[in-house]
Amino acid sequence: MEPFALQRALDNVRATAPLVHNITNYVTVNDCANALLAIGASPIMSDEPADVEDIASICGGLTLNIGTLNERSIQGMFAAGERASELGHPIVLDPVGAGASVLRTRTAGDLLDKLAVSVIRGNMSEVKALAGGSAATRGVDVCPDDAVCEDNLAAGAAFARAFAAKTGAVVAITGAIDIVADAERAYAVRNGSPLMGRITGAGCMLSCVCTAFAVANPGATLDAMAAAVAGMGLAGQVAQNRMSGYDGNGSFRTYLLDALYNLDGAALEAGAKVEQLA
Amino acid sequence: MEPFALQRALDNVRATAPLVHNITNYVTVNDCANALLAIGASPIMSDEPADVEDIASICGGLTLNIGTLNERSIQGMFAAGERASELGHPIVLDPVGAGASVLRTRTAGDLLDKLAVSVIRGNMSEVKALAGGSAATRGVDVCPDDAVCEDNLAAGAAFARAFAAKTGAVVAITGAIDIVADAERAYAVRNGSPLMGRITGAGCMLSCVCTAFAVANPGATLDAMAAAVAGMGLAGQVAQNRMSGYDGNGSFRTYLLDALYNLDGAALEAGAKVEQLA
Amino acid sequence: MEPFALQRALDNVRATAPLVHNITNYVTVNDCANALLAIGASPIMSDEPADVEDIASICGGLTLNIGTLNERSIQGMFAAGERASELGHPIVLDPVGAGASVLRTRTAGDLLDKLAVSVIRGNMSEVKALAGGSAATRGVDVCPDDAVCEDNLAAGAAFARAFAAKTGAVVAITGAIDIVADAERAYAVRNGSPLMGRITGAGCMLSCVCTAFAVANPGATLDAMAAAVAGMGLAGQVAQNRMSGYDGNGSFRTYLLDALYNLDGAALEAGAKVEQLA
C-alpha cells in the first residue's frame, strides 16, 4: 500500500460527505446512521420498493444488510441494487446470518449474483456460507472453527482472494484478525477490540462505513476497505482504552461512535496495523 | 408572546404527561420514545392499520413521520390520522425526505390534504417540497441554498406564514435559525447547536416533542411550538456545553436526551431566544 | 428458594451463552440485543415467516414481544412459536399494550392459547388484560389502579398464581414491587428503580433476559425468573446510584446496560431482595 493511502481514504470521506443509501436491519439501524454521521457521511434509510429507486438515484452508494430481512425489504434490496448498478454506484453486501437460514443464504446469494456488488463484508462463517463452502453457523456470530487466527490466516486470505476473483468484489472478512482482499492482493488488519463482539452492530456499522469509503474513493476500493476496516478497529481500541469503573457495553457503544467521530486521517495512518500478505 | 408563555407550555407537558401515538421511522424511533419520556410525556408506537385506530383513540395526539415509510405504514398513517382528526387530537406531520422521492413528496402531500394536521415540522427543503415550491433536495438534509440565515430570514418567515395560512397548520421550519409561524405571526428561534446535525434523529425527536406540547397546550399551538423548538434547541446547547475530551456524537446523543430530561420551565423561559418577527 | 439459586441461575447464563431468538418491537430492539449481550447471551432477531423456523431451530429459546406488531410479524410469531414448541424450547411472551387495542389483546391471547408459553412477563394491566380480568389500560404503561404495592401484594400474588395454574406458565408481573409465580409458589422482588420507567425498553429488555435465563436453567424456570427479575432490578439500582450532575434518562439507559454487563452471580445473590410469599 502506498504511504498515506489510508489517511487519504478517510480524508476523502470527510471532504466529500457522501450520501449513503442503506437497507439494513432494524436492530442496529440507529447505530449505522450515527456511525455514518460520525465518519463524515450522510445516511438515508429506505426499503420500500416504491421508494428505493428515487433514493438510490440521489445517493452515491448502497448498503445491503440482510439482517431482519422480509419479503418487502428483499424486493426493495433488488430494486435499489438494480438502480445503483445502473448508475455505477458501489454496493456493499453484508450477508448477516447467511448460513443460519435458507432464506438468508439464498437471498445473499441472489443479491450477489444479480447485482454489481463492489464489497462483501461479513464474518468468516457468513462469507463461507455465501461462497457455498460451509453450512455451519452460530446464528449471526462466527463459528469457533471459522475464527481467523494466525494459524489459519494464510488459508483465510487465499479463500478471500479466490472468492474476490470469482465475484469481482472486494472481500472483507472481519474477526479477531480481519482480512481484506481482491483477486490480486490481501491485507491482514490487526486493529480492533474484543469488546466489539459484546455490542450489537459493530459489523453492521462497519458495512455502512465501508460504503461511505467506497463512494469517496472511486478506483481504490481495496485500499479504501482496508482503511475502513482499520479505522473501525482503531475506533474500537480507542473506545476500549476509555473504559473504566462501572462501564460496560452500554458505554462501549457510545465510546465507539465517539471514537469514529474523532478519528482523523493522520491518526488512522499512524494507528492502522495493515499488513500486506503474500 | 406573553411573559412565561414558554415556561407554562413546558410545565403543562410535565403536569399532564400526555400519551402520544407515533408512527415514525425505525431509524430514530428509540430516541423519539426516550425524548418523549425525557420531556415528561408517554410514547406509544403503532403502525399496523388494524391496530392504530384503537391506539389513536386512547392517546391525546399523533405524530406522523414519513421516514422509512412503507405501503403498510402509510395505510396506518391515514387510518390513525382519520381517527385522530375525528377526535380533534393534534396531528404533527414530519415530512422526512419530502422532495427526495416521489413517494415521500406525494405521501406527505396527501396526509396534509386529507387530515386535520395541526403542525408541520421539517427542514426548509422538506417544507418547500411539501408546499410545491421546490424540487431540490439533499436526501434528508437541507439543501445548502435552502438553509435559513439572517439574510433570508424575512423571506423564510413570509413563506412559513403563507404556508400556514394555506394549510391551517402551524409551520415549524428548523435549521441554524428556526422559524415557527401561523398565518398571523412568525417567530425566529435562535437556540440550538450545530452538533444536532451530527446525530440522527434530532428533527424526529423534536416532532414527537412538538406533539406532546400540542396536546398539553390546547388553543395555544403557536406558542407551544415555539416552546418545543426553543426547548429542543436549548437542550442541544446544554448538551454541547457538556462535551469534552474524547466525546463525539455518541455522547452528544446521550447528553441531548439528558438535557431534555432536566429541562424545566424556568430554564426554558430564561434560555429561550425567541424573537417575534414583523 | 435454595441458597445460591439466584447466583447459579446467572452463572448458568454466562457459562452457556444461550442463543436467543427474539421477535420484538422496533422501538427497543437495539436495547434488547445489547441487554442479551450484556448478560452473556447472544441475540438473533428474525420476524419474517419464511425465516423464523430456521432461526428458531438453531436457537435455544424464543421471546415474543407484541409491541409494534403487524400482520406479517404476527404470522412470524406463530410460525416461530410452533417450531420452538415442537423443539421444547422455552417461550417468553411479553404482551406489550395488551388491553390497549383489540389486536394486541387478541394476539397475545391467541399466542398464549396456541403455543407452549413458558413465561409471561408484563405489567399488571397487561397481564390482567391477557387474563381477561380487566379492560382498563394506559397504553403501554400500567394503570395507576393496577400498580402493585404492599397493600395489594397478597391479592396480586394470588392472581399471579391462579393465572400460572391456568396457563402452565411462570407469571412475572413487574412494577414497583415485582411478583414472580408459578401455580405453587410466589415471590415478591423488591429490587429496581423508578428511573426504569423513565426510559423506554426496561420491560422489553427484561423479557429477553428472561428468555436467556429460561434457556440456561432448564427445569428451574421459577427460580430463574426470580433471578432475571431481581438481576434487572439490581442493575437498575446500580444505574441509579451512578447518576449525577447533568445525567438524565439518556445516561440512565447506558448505565443500565453497563450494570447488566457487570452483574455477576455473587453480587446478584447478595443484592437480590426476593421474598417467598405464603
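For reference, chains read A, B and C in written order, and residue numbers begin at 1 within each chain.
To be clear about the criterion, a residue touches a chain if its C-beta (ideal position, glycine included) is under 8 Å from a C-beta of that chain, and two chains touch if they have at least 3 such contacts.
Just so it is clear, the structure is predicted and the values come from calculations on it, not from any experiment.
Asks: Same or different interface residues for chain B and chain C, judged by whether over half of the residue numbers are used by both?
Replies: different
Asks: Roughly how far apart in rotation are chain A and chain B when fitted on CA atoms, stated in degrees to the nearest 5?
Replies: Best-fit rotation on C-alpha atoms: 120 degrees.
Asks: Rounded to the nearest whole Å, what is the centre-to-centre distance of chain B and chain C, using the mean of the C-alpha atoms as each centre?
Replies: One centre to the other, that is 33 Å.
Asks: For chain A, write out the residues touching at least two other chains, lowest number first.
Replies: In chain A, 26, 30, 253-254 touch at least two other chains.
Asks: If we count contacts the way the header does, which residues on chain B are in touch with chain C in the complex?
Replies: 19, 26, 29-30, 33-34, 37-38, 42-48, 50-51, 54-55, 58-59, 72, 238, 242, 253-262
Asks: Which positions of chain B touch chain A when the two form their complex?
Replies: Against chain A, the touching part of chain B is residues 25-28, 30-31, 67-71, 97, 100-104, 137-141, 198-201, 246-251, 253-254.
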